Amino acid sequence: MIRPVLLIAFPLFFAFLSPIIGLWSKKWVRYLIIFATALNATLAGLLLLEVFQHPVFDIIGGFQPPLGIVLMVGPLGAIIAFIINLVAFIISIYNLKVEKEPIVRYSMLYLLLVMGSTGMVLTGDLFNLFVFLEVTSIASYSLAAYNKDKKGFLGAMKYVIIGSIGSTFVLLGITLIYSELRTLNMLDIAARIGTMDPYVKIIAFTSLFLGFGVEAEMFPLNTWVPDVYDGAPNPISAAFASLPAKAGIFALARVIFTMFSFTNFLWFVVIMGLLTVFFGELIAYTQKNLKRMLAYSSIGQMGMIIMGLGIGTTLAVEGAFYQMIAHALGKALLFIAAGFLIYAAKSDKIEDMKGMARNPLVGIPLLIGALSIMGMPPFAGFYGKFFILMGGFSEGYYAIIALFLAASIVEVAYYARFIKIVFEKGNRVIRPDAATYIPLILLAILIVLIGVYPKPILAVLQHVSAFITGGA
Amino acid sequence: MDALTLFGIFILLPLVGALLSYFGRKYAPIIALIFVAITGIFLYVWYGNFGSYTVDIGVKLNLTFDITTWFFMLMINTVIFSSLLFAVSADLKNAGGFSTLMLLGFTGANGVLLSRDFLSLYLFWELMSWSVYVLILRTSGEYARRYLLFGVLSAYFIIMGIGIIYYYTGSFLYEDALSGVIPYYAWAWILVFLILGFGVKMAIIPLHVWAPYAYSSEQPFVSFLSGGLSKLGTFGIYMSMYSIAGVGILDSFGTFRGVSLLGYPFALLGAITAFVGTILAIFQDDIRKLLAYSSIGQLGYVMVGLGLGTSLALGGALFHAFNHAFFKSLLFLGAGAVIYRTGKYKISEMGGLGYRMPFTFLFVLFAIFGLAGIPLTSGFISKWMLYEAAIEKKFVIIAPLMLIASVGAFLYSYRILYGIFLGGLKEEHKKVKEAPAPMLAAMFILMLPLLIFSIVPGWILGWINDVLTNTGLKPIDYTQFTYYSSIGGANMATFWIAFMVLFFVAVAIFIMKRARVVNQYDNYFAGEAPSSVALHAAHNYYKPLKDTWAPMLKYSVDRAYEKFSKFFVDGFYEIKKIYTGNPQDYAAYLGIAFLIFLIIGWWLL
Amino acid sequence: MKRVLALTLAILLFIVFAMAFAKIPFGEKMSNYPDYYNPIENQTSNMSLPQHYLTYGKNDTGATNMVTAVVVDYRGFDTLGEVTVLFLASTGVGSLMYVEDKVKRKVRRSNAVVETGSKLLFGFIILFGAYIFIHGHLTPGGGFPGGAVIASSFLLLYLAYPKFHAEHKKLNVSESLAGLTFVIVGLLGLIIAGYFLYNFLPFGLPTYLFSAGVIPVIYVAIGVKVGSELTGIVDAMMGVRE
Amino acid sequence: MDLFTIVSLILITIMIIAAIIAAEIKDLLSAAIASGVMSLVVSILFYMLQAPDVAITEAAIGAALSMAVMIFGIKSTKRWEK
């Protein structure tokens, strides 16, 4: 029996341990981080197997909810936690490429980022969710500026401003909910949300929606994204797209479905998703800087997930979750590849990267990642997109889907432009080192596996209907 | 045979082959060839062994192996087999990647043909689409993007069609669409979306702009793309119009001289495509572009047949698609063989190669007969069926357009024939050798059916009849050598007897009176030595014709698309200004967003 | 123009939230609050949450200070998270202010009054801080205020003695050890009783120093941790580099 | 109106004024000090609202440490806002 709390306790333990180990050897700390994330991924995998039968409740401190805090893990939470930890493990291999001091602190921050994102997914307590949101975002702020150059600091500053406004809204929302309902347990809140004063309820909902929307990169709360993704170290950009963003959107889904089950609001969520897609994809087309392009594309993808959640049918929400998984894998891959391309071309402009991906160790994973993001089969991105679209049709959102498809064509256009440049005949082909190509190949294999044989994932996602109706 | 065998042989086996052949280096095409051959053998063995199955990979794939699938698979299998055979001796760079992608495309094609539910259709359609994209990317990066954009456009049109069906039925199965829950006005949208979607693959004007560039890639691949994969468009339109929707629904939109009002515009579009494609082909000097436009034109004929929708027209369309698969692949391979030996693409830079490459010449000659609809090949019969189908219904625009296009086909065929194989041999090509044996074998495989089905069209008409009856349409009236229509039909036996007689007469004349061979430079030039370019027969070929058409040629669909996209991209830059980079603005966005969310939330409560 | 807009926005947001808070029944009788509901056992208790804390808090946790009971025991997991947040802040500042070459601070001696005064006060402030967190389960206060007070004593030294600096490695080690203590106490609870952060030590008698089980242990750890972290932040900001 | 209300009203007024000064003044050092003053007043208010532990924390962190950190920050950058 795997206790979900171990997924949080172990990273914390290792994070607190690493400064002491760092006194002996800095190298060990890096391997310790890889070990810790690997352990976490394994635990999350085992947890996933267990959660299949029934949701797991892990009571902290021995106090029955809602007196104490409880971790509440359903199949969906477990799979998102698993993906987060798996991707975190893979990125931690790529972390070996980071050379800049102080490396021990970097490793600690990274581990705590992973811990925070995992906690956001696992927790069943609203205030605990806020605490993990804080852990995640404060780790993100420091990591975003870790390069200590102007770009990094500017990005981090924007992130700090917007992130802390978002957190404040979340805290205000929680305050309102607690002072009305005198409880913080999500299921407890869900059970008695109807008794809330409508005005307070709507403000609380809006605050939470906005606050988690910042992490979930919803328009117009995603203004920090391009600067942060651009300024952060390469592994961190990869991690940002895969860890906190997914945790944020999962929290958003919890707010919408588990806690408030505010079905009237859903069409507005769809519109916000569509706007996010539009702004993300269309602006991504104009970008000359690779990481910025990927960042805007990330916004577009997150918009798609938000759309899927907003459509709210079983199929669409299934698609949204599938897309979360696919995007976590695909964007991590693309950002790692981008890190290599930038390193090889010594420039972050796409036009300088002629032929840099001609080495098959980078080229093939890069192509797979890009195709997966575009939603091509047999890669992971296909099912998510297809299910979201079909879910949209079944609810009759014809015009919205048509607009979304138009934006998708733009997405294909800029990815194709990027692919064309990096595969063009260039001057020289640089061979990547193991810390770069091992994560790339691992992610590519995962993407293909999930795409070719989606049965395991879809088996987990079957539980989505329980999630929509307010269960775990 | 059960579901897994079917899935295993037609989908998994090529996929495994794709994986294996990546590591095959130089021998990759041979490995791929083996895998294609195995599926081909099973295709042969399983003829008549039809049925439908469900494969569960998490989503349920409904696969049906029936005569329609079999008929199209036959084309695609043969075409990819000969293309890969050709590729064995063509020195491709990264042959492993090439074979892998070819097999992926093949898998996608098989999947599209087998699938009887929209999810697997879309899945395999996209698989096929992007593997072709990467294949194009290998040689011409700039134009691969254009292909991908149109490929995705086609996929999204299909998605729209599927989605509307899904809204009404809540199911992805083809047969559920038939259950009558979809109102007929929705069918209009569905069919328009589906036909446009599949039409992109057939390069119907104005969705054709990807084709000339995509067809300029490596020849073995292009022969598969043009000969094989474009037939998936035909298959898709055929299925969506006559199997998924059915004649009843098509006719419920009203009819015009017995042809559905929904089908007629597409038939007209097909005729225009045939016409424009042919006209543009005439003016090309690049052999690849010429064949590309010719391909567009030929598929226009098929579209006419699909749009008209009478049994004769559909039979003609299927037959022509079948012929096109063979003769266009053969032409691309022939061109490939010539390019392989000479390294030239321009017709005006070649000439006289018929003496050096006699077998290639012979095979290409047959392909051209098929293309131009000359009675020696089965291409004649299919075209004739299509003319008759149009004339039968007295369509005064479609029929003449097709006839003019046919004349145009003669013109550009002649350009290929004369420009490349006849005329004077260039000095630099004196040492050109005949194409290697695998290439010749590949071309021979493709030539054979053209010849055989021209003598006994009954065989193929039998299959086509099975396809038509399987879809629930009336069969064509035919015998082994003849088919009949309300205004005549054609009897190939008579043709062949007449041809044989004439042929022997011609041979006798040729033997009796030998012509004098003249050197290219053995001429009178009034004291001025002209350049060898100006002397070439294909130099400024059809210039007078081109001058006549010049005012029309300046309108280009290409440029229209460019203007369209530029307009939008400018808009993107305007939108970008929202991300000002100033954190104060961003904070204000948050506040404003909160208020807006709040107002909407309050309103929705 | 922008200023006016921003001001209007701020005022609007203020009004919106003020209206929401106006509807909240602050200071109402406890019994008017809704009874809590246990989602796992699927049953409703006949008490509201705050009422439960006040009634059974002493029995449940052994602490006489109810705030501490809630912060360290009922919601100890949140506190672990908050400690992590502080840890992150200090680590983040440390990693961002890090430069490879050591830069010396510009030295300007402060006057004798400040120096002697801070020498005198330093011990008392530390003592006060330690008192606050050691008695966290009995009297108001706890690890966070205690740690902050300790850090402010170090701040005094930084201000008085320009050459003073706390050794970074020691700060790091004490910070880490304190954090580890917290986590290990939690894991021990998991091992002993099956609940993470379970209060597995005997409660003892209320109002005695050695009572309330693991709460004092955790509070001491938090106090040390917060103290060293805040000192670390000040140190990093002062420009003395490791 | 009892003494408690009067004192707290005065304190709240001081707090608001200090906050406005902190936000508006161009001299960043003065702004930091103003925010320290605000924290101090807040901590007194906390004490009056019977939250002595929060009051201690606010006094130590808000009035002492964060002000110090801000002042160090200003020292290593510029004193005047543009």
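Which chain is which? They are A, B, C and D, in the order written, and residues in each are numbered from 1.
The definition used in the following text is that a contact is a pair of C-beta atoms (placed from the backbone, for glycine too) under 8 Å apart; a residue touches a chain by one contact, two chains touch by 3 or more.
Note that the structure is a prediction, hence the values are computed from the model and not measured.
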Query raised in the report: Looking at C-D and B-C, which one has the bigger number of contacting C-beta pairs?
Result: C-D
Report summary line: centroid check, CA-based, most central chain -> A
Requested in this report: Let me have the rounded angstrom distance from the C-alpha centre of chain A over to the C-alpha centre of chain D, please.
Outcome: 38
Query raised in the report: In whole angstrom, what separates the CA-based centres of chain C and chain D?
Result: 20
**Report entry** Whole-Å gap separating chain B and chain C, where each centre is the average of the chain's CA atoms
**Finding:** 72
Report summary line: Per the C-alpha means, the centres of chain A and chain C lie apart by a whole-Å value of 30
**Report entry** For chain A, residues that touch 2 or more chains besides their own
**Finding:** 199, 203
**Report entry** Set of chain B residues in contact with two or more other chains
**Finding:** 592, 594, 598
Query raised in the report: At which residue positions does chain D touch at least two other chains?
Result: none
Report task. Going by the contact rule at the top, pick out the chain C residues touching chain D in the complex. Result -> 67, 132, 140-142, 144-145, 148-149, 151-152, 155, 158-159, 230, 233-234, 237-239
Query - chain A - residues contacting chain B, complex - result: 157-158, 161-162, 165-166, 169, 198-199, 201-203, 205-207, 209-210, 213-214, 220-221, 223-224, 226-227, 262, 264-265, 268, 278-279, 282-283, 285-286, 367, 371, 374-378, 382-383, 386, 389-390, 392-394, 396, 398, 401-402, 405, 408-410, 412-413, 416-417, 419-421, 423-424, 452-459
Query raised in the report: Given the complex with chain B, which residues does chain C contribute to the contact?
Result: 2, 5-6, 9-10, 12-13, 16
Requested in this report: Name, in rising order, each residue of chain C that touches chain A in their complex.
Outcome: 16-17, 19-21, 23-26, 33-34, 36-41, 48-50, 52-53, 60, 73-78, 80-82, 84-85, 87-89, 91-96, 98, 100, 169, 172-173, 175-177, 179-180, 183-184, 186-187, 189-190, 193, 195-199
Query raised in the report: Which positions of chain B touch chain A when the two form their complex?
Result: 56-59, 119, 122-124, 126-127, 129-130, 133-134, 137, 141-142, 144-145, 148-149, 152-153, 156, 159-160, 162-164, 166-167, 170, 569, 571-573, 575-576, 578-579, 581, 583, 585-587, 589-590, 592-594, 597-598, 600-602, 604-605
